[in-house]
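Quick one: the structure is below, and I'll ask about it shortly.
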Amino acid sequence: MAPVIHLRDVVALLGGFPALTGVDLDVDAAELVALVGANGAGKTTVLRVCAGLVPVDSGTASVLGEDLTRNGRAVRSRVGLLGPSGGLYDELTAMDNLRFFARAARVDPADVDRAAERFGITGRVADSPVVRLSTGQRRRVALASLVARRPQLWLLDEPHGGLDAEGRDLLDAVVLSAVASGATVVIASHDLDRTSALGCRHVTLAGGSVVEGGPDAA
Amino acid sequence: MSTWAWVITGWIITVVVVVAYVGLVLQRGRSLSRQVPPEEQRWM
Amino acid sequence: MSIGNGQSAGTPLATQDTRSVTGHPTTGSPATRVLGIIVLLCLPLVLWLSFVATPPDAVQGESVRLLYVHVPSVTVAYVACFVTFVASIMWLWKRSEWWDLVGSSAAEIGSVFTALTLVSGMIWGQITWGTAWEWDPRLTSTLFLFLLLVGYQALRAASPDRSSRSRRSAVIGLLLVPNILIVNRSVQWWRSLHQDATLFRTDLDFRIEGLMLFTWMFTTAVGMVLLVWLLFHRFRVGWLANRVEERQLSEAVAARRAEATP
Amino acid sequence: MLRDAMLVAGKDLRVEARTRVGLGQVAPFAVLVLVLFGFALDPDRGILEAATPGLFWITVLFASVLGVQRAYAVESGAGVRDALRLTSLSPGGMFLGKALALAVQLLAVELVLGVGVIVLYGADPAGWILLVGTALPATAGIAAAGSLSGVLAVGLRVRETLLPLLLLPVLAPVLLAATRAFEAALDGSPADGWPWAGLLALFAVVYVGCGIGLYGTVLEES
């Protein structure tokens, strides 16, 4: 079976800065992979390339069977990305955000309500503008939005950051059940203990390329 | 100003601007050419 | 990175100009040298025709001599803008570096000649109408064309990378022609509502005599050769700038890679 | 596409309903400009009366620049543009939605300004059918051209200064046509005004078409 993510010698330039300098990466279906490495190693950019948000400047890249250089749009609607900032409208309430992004992604409203409840976005939290929520609460809203979409590929950027202990456990449970149902999950993280506990395969990045755990080593 | 003076002014402005622009383009081409190996300058 | 059909600017003559390779590299090629020499040789003839050979016009007097430089400027400016328009459409279709460079080169040349058109037009207006600016449809739409071309360059200068540069400028390039048509039409309507519309309708109503017509056509033809010559050179400047940019980027990639692998 | 447009427009208007930047800042700014014109062109000399249609539409143009900036500032928050691109909204729908929300807000500003010129400049709203028939296509054109120019400036460091440079030359014919049509309406000769309203409608159609066709090109960037 073709891998869900297949990157070969991917170079990505962000406004002239070589964020990725030749990444090789294979991730199979229903696999759980953690990208590790120092700050600025390129973890976030790998996730954004896989989401079809950053253009590939050279190399070959395919995600979910689509060629990223040709059909980024097809990939974008099938992946879920949890960025460090959540990507929510500050002025709208948590529930408004959830409903808007759900309708934009053509998700059943019932799924949204269920996901919101699961992540504790109820009552006052649900009706507060996002700008008044704490980092952890915002993270929960973004996660609920992601879960409701049920993407085939989950790209999580430092997902544990800002969450309380209960939230982190909830996240781990959600990730494991997603993998169990056949989704693929890639996590960029500094929390090696947690990713090991989850049973992730570790891939180490440095200087914009994979230095450990790439396809050659495997 | 007399008609002739205006006419000459118009011509001089046009010629000077065109010559200056041509010079600028050629100058830019020269300085960039020095940074690129000849095999990439396909018009050679 | 693919350069599409970037070579077609010089391919037919891509031969052994060893002097350029070993000596001073330039954006010149045999083809452009021929064009440049044609322009240079024609210049004295243009001046002679415009100032000596042609008689003063019966209605306009000596001011007609300004039109021998104004009309070629207008033609070059508008042809260049039309090239940008077509190149923008072609870029949106083909997405090739070649069309992006054609469009941006023509836009830069077009803005220079649009500015010259405005200046010589205003001077001519000063002589003929006694005011430098008349709200004439052609003059007004040329002014807005110029402002939009300035916006085009500013947008290109502000874009961080080549992809967004070509995307965003192609949109403005595509708007050039509709905008000019709408502005022209609306100003024409506006002025025709005023009673004095005929005042400046008469200005071109003079007898075009054989030699004057020839001078116009000749200077315009020289202008067009100059445009083609400039397009070649400006295209190559843009192409070289892209190569330099790529070179710097691949050096940066290599440097970062070297840092990472011990 | 229409469904996406309604969704995006609804979201933008909801943001406006919660923050009231349009009503609380853009509309007061527009009124302020009217007052300043009044100071500059002494109301007793009759210049103000003659210039009312032009001043009205110039003020609308200024307000539209602010409106476009606001419409895209809403999305400048970290990760919001990524989140939008990861949805399956069609680019044409997103454009229409943005333009629709902008048009609604501009119409509200125009209403406030209309009251302003009646009260402050003593304008007589005769021929109101032509006034409405002008304002609607003019607003549609401004909103469409504004949304398209706005997305061209998105993400650039100089967007605030670049936007007016791109937008105002494009809107010049709108200013001209809408002003002439308003003059005709206020003069009580609406027959002179309708061709201008037609030109405004043509402008709106051209820019809505360009926007639907081109919005995705700028949005894609990959």
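Labels for the chains are A, B, C and D, by order of writing; each one numbers its residues from 1.
The rule is simple: a residue touches a chain if its C-beta (ideal position, glycine included) is under 8 Å from a C-beta of that chain, and two chains touch if they have at least 3 such contacts.
Just so it is clear, the structure is predicted and the values come from calculations on it, not from any experiment.
Peer 1: Specify the chain most distant from chain B by Cα centroid.
Peer 2: A
Peer 1: Using mean CA coordinates as chain centres, what's the chain A-chain C distance in Å?
Peer 2: So the centroids are 48 Å from each other.
Peer 1: At what distance in angstrom does the C-alpha mean of chain C lie from that of chain B?
Peer 2: Between these chains, centre-to-centre, one finds 12 Å.
Peer 1: What is the distance in Å between the mean C-alpha positions of chain A and chain D?
Peer 2: Here chain A and chain D have centroids separated by 38 Å.
Peer 1: Using mean C-alpha positions as chain centres, tell me how far chain A is from chain B in Å, no decimals.
Peer 2: 52
Peer 1: Quick check: what residues of chain B touch more than one other chain, meaning two or more?
Peer 2: none
Peer 1: Of all the residues in chain D, which ones touch at least 2 other chains?
Peer 2: Counting only residues that touch two or more other chains, chain D contributes 220-222.
Peer 1: Any chance you could list the residues of chain A touching two or more other chains?
Peer 2: Within chain A, residues 55 contact more than one other chain.
Peer 1: Name the touching chain pairs, please: which are they?
Peer 2: Result for touching pairs of chains: A-C, A-D, B-C, C-D.
Peer 1: What residues of chain C sit close enough to touch chain A in their complex?
Peer 2: 1, 160-161, 163, 248-249, 252-254, 256-257, 259-261
Peer 1: Would you tell me which residues of chain D are touching chain A in their complex?
Peer 2: So the residues of chain D touching chain A come out as 4, 7, 11, 14-15, 18-19, 74-75, 77-89, 220-222.
Peer 1: Mind listing the chain C positions that touch chain D in their complex?
Peer 2: 92, 144, 147-148, 150-151, 154-155, 158-160, 163-164, 167-168, 170-172, 174-175, 178-179, 182-183, 185-187, 189-190, 193
Peer 1: For chain A, which residues count as touching chain C in their complex?
Peer 2: 11, 13, 15-18, 21-22, 55, 57-58, 206-209, 211
Peer 1: How about chain A: which of its residues touch chain D in the complex?
Peer 2: Touch residues, chain A against chain D: 48, 51-56, 72-73, 76-77, 79-81, 83-92, 96, 100-101, 103-106, 129.
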